[in-house]
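Read the structure below first, then the notes.
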Amino acid sequence: MELRDLKQIVYDGNIALVDRRLVILTWGNVSAIDRENGIVVIKPRGIDYSLLKPEDMSVTDMYGNDVGVNKYLPSVDLDIHLEIYRNFPGVQAIAHTHSTYATAWAHTGRNIPVFGTTHADHFFGEIPCTRQLTAEETASDYERNIGRVIVDKFRSIDPMQIPAVLVAGHGPFTWGSSVLACVEHSLILEELAKMAINTLRADPLAPSLPEYMLKKHYLRKYGEDAYFYQEVKD
Amino acid sequence: MELRDLKQIVYDGNIALVDRRLVILTWGNVSAIDRENGIVVIKPRGIDYSLLKPEDMSVTDMYGNDVGVNKYLPSVDLDIHLEIYRNFPGVQAIAHTHSTYATAWAHTGRNIPVFGTTHADHFFGEIPCTRQLTAEETASDYERNIGRVIVDKFRSIDPMQIPAVLVAGHGPFTWGSSVLACVEHSLILEELAKMAINTLRADPLAPSLPEYMLKKHYLRKYGEDAYFYQEVKD
Amino acid sequence: MELRDLKQIVYDGNIALVDRRLVILTWGNVSAIDRENGIVVIKPRGIDYSLLKPEDMSVTDMYGNDVGVNKYLPSVDLDIHLEIYRNFPGVQAIAHTHSTYATAWAHTGRNIPVFGTTHADHFFGEIPCTRQLTAEETASDYERNIGRVIVDKFRSIDPMQIPAVLVAGHGPFTWGSSVLACVEHSLILEELAKMAINTLRADPLAPSLPEYMLKKHYLRKYGEDAYFYQEVKD
Amino acid sequence: MELRDLKQIVYDGNIALVDRRLVILTWGNVSAIDRENGIVVIKPRGIDYSLLKPEDMSVTDMYGNDVGVNKYLPSVDLDIHLEIYRNFPGVQAIAHTHSTYATAWAHTGRNIPVFGTTHADHFFGEIPCTRQLTAEETASDYERNIGRVIVDKFRSIDPMQIPAVLVAGHGPFTWGSSVLACVEHSLILEELAKMAINTLRADPLAPSLPEYMLKKHYLRKYGEDAYFYQEVKD
């Protein structure tokens, strides 16, 4: 893919988060990776969205090195994105927001339970919440350490089956096979967090969905015998 | 009614759910039945709303058999709709959404109490919530079994007096004598669920409406001596 | 005032409630009184807002008698309005809604406490909530009996200093010296109810405003030595 | 700066609060100071926003004396603003709103805890809530006394590091180095209050952010070695 096209796609993803009210002010960022060329494109840090242009997107290699074409420094969250790209091979794009309900839930430091089929239709299990970072992890190499606790949380989880995480006391990150997919995951996660908070208000002891129901809903969409979409697999 | 007209009405109903913010992404479906000709029209599965056209609506007989005119497969929820049509003779149209507050309440597995006259003006009693399906009911014939637990819940309830149900851990279904009616019922149900959740926030021990008040409000609109509308019956 | 002008004003008030999202579907009504001529103008019952025209407003005398100019029957809530007009001489207009938060609070059957100065700036004390009506009061002369329990609640309250009430299990009524004023009171009441519900979420034991602070805020706007507005009294 | 330009800026700030839905009706005010000339410009009291023009902004000296150019009386909250300007030398502009969530939290009389990095990115600690004023402080010199309890609350806090306060039982005030900055602080504070209330709904015992994390986030933006923005200091 042409770098120019990738910049446009990343730019569009960043704007989509604002349009869907998942990002206010400059509270978010989207990146994408061109794995063939080892290139990552990400929103530049601290620039007002109204001033941002597609060509302003920052470009680095997979280790955060400037590849010589940048007008602006990349997002301060770059190292979080890179850590995810290096460890989750299927991920092509990442989105980070401070959307209201997902962030409020991230403050609790707990996973979002699977309360219903809306959740099961999109994520194959609870939305994991990382542990809080230690003082040492915060003092130096902070952003990369956030990436590390995310990756650590997925040691026994397939990140393509649960393409989202809450960083404790911080907020949500989502990813996917395209910018479009990860923006959609951000939207769904926010809606699930809003539903979960209201579920607890209706009943503080609301039950989780049975495991067999989680499997049924996830697999009828994404399993080998999926039948949810028009083009049936096999 | 011409099939073409029915398709247009069903299409309009699906779009109305999106316009009223009861459906995001592809999280919902509307169907209608032509009982005279034994024909059901429903939204096709998994198609983006922006690509959907009236002629794309799927058509089956009352047992889900393709009648030879479909471009797309029908909604995966078709069997739920059919089970309702076969058992509730007065129902002409059905809507399903994952609207935020009604879905949050459905997660609790409990009925929505009649907290006020807003509820009593439209539904003659609590909004029933089904039981959760068993592993066996989920494993095979899943969608039809959802229909069955809905129908089962109405054994002693007139579905035309309470034209809505919550499927436990899933979300709301509504029905009515027309597509317009069932879309309106979806809107009212969402508002009632939002009110109910906020009622519990204001007072976790909020009382239900007295039975005589429920009857008064429902029957002044829909009873034999109704006087709520311009055209007084009798 | 010309009847035609009064109809226009009442029509505009009804539409204002919809525009401000205090009324959905047909869940509300506004009336006004011409005390000189003993005439009340009110929204007709059960007509879709999109079909409503200013000339469709219903006209009765102060006892609900048709004065011979009506195309449509008046709102079923007419007798509530009339009871208020007959007992609160300063009231020139009345609004009724089922706005989300005020209705949710009405379900609790409790007054809205004075949690802050936003409340004290507009209402000189708690927003009263009526008692629930008895079975007898509901069985016959229902709407007038709602009016009676409202009036009863204000035996020791000046209705011009607290121009709003919650009917238990039903919803809010507001009034004022003009249609504009009572529509504004509906808007303020909804905002206060939303704030109150969120106050209790932030702290279930949140304190009420001290009495001296309530007086200070109310009286600097509406007292003899008011200084809140441009035109200082006296 | 020309007085005319300052009036325009203050006017724009007031309108921005309405556009961002932080102010309804006339529930807010913005002011700015020209410290060189000892001039304060503030919204006039009790004027409908739709009628307000830039030239209508009120002008006083730093002690609230009319400087002879006013068409309208200044906001009744003028003395609160002046007390802040006189005591916080870095403050160039002040905004006051009754925004829903920040006001709801102010009702509790408690500080807003630092639940997450969204908070730490903008405010270097809890958002302080003042004590309630006494009867004596309310009886005379009321508005100035509000200013005094605000200033008192910041005896050991740098007001430029936490440019916001909640007045107990009243609502939020924010300030900054420009009108744009204080309007943005009002927006952020409202979002933080909304997040905090939803955090407590998700978990009434939600933990505060560790102190080292607060420092990390605040200082990477505003500290000596800040690296959050494009132009790295030093």
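Just a few scattered comments:
Order of writing sets the labels: A, B, C and D. Residues in every chain begin at 1.
By our rule, a contact is a pair of C-beta atoms (placed from the backbone, for glycine too) under 8 Å apart; a residue touches a chain by one contact, two chains touch by 3 or more.
No experiment lies behind these values; they were computed from the predicted model shown.
Under half of the residue numbers at the chain A-chain B interface are used by both copies of the sequence. Rounded to a multiple of 5, the C-alpha superposition of chain A onto chain C involves a rotation of 180 degrees. Put simply, the C-alpha centre of chain B and that of chain D have 47 angstrom between them.
If you average the CA atoms of chain C and of chain D, the two centres end up 33 Å from each other.
Residue positions 196, 201 of chain A each touch two or more of the other chains. A ring topology is adopted by the chain contact network, closed into one cycle in which each chain touches exactly two others. Chain C contributes residues 115-118, 184, 187-188, 191, 194-196, 198-199, 201-203, 206-207, 209-210, 212-213, 216, 220, 227-230 to its touches with chain D in the complex.
Contacts from chain C toward chain B in the complex involve residues 24-25, 27, 44-47, 72-73, 76, 98, 100-101, 103-110, 132-133, 135, 138-139, 142, 169-171, 196-197, 200-201.
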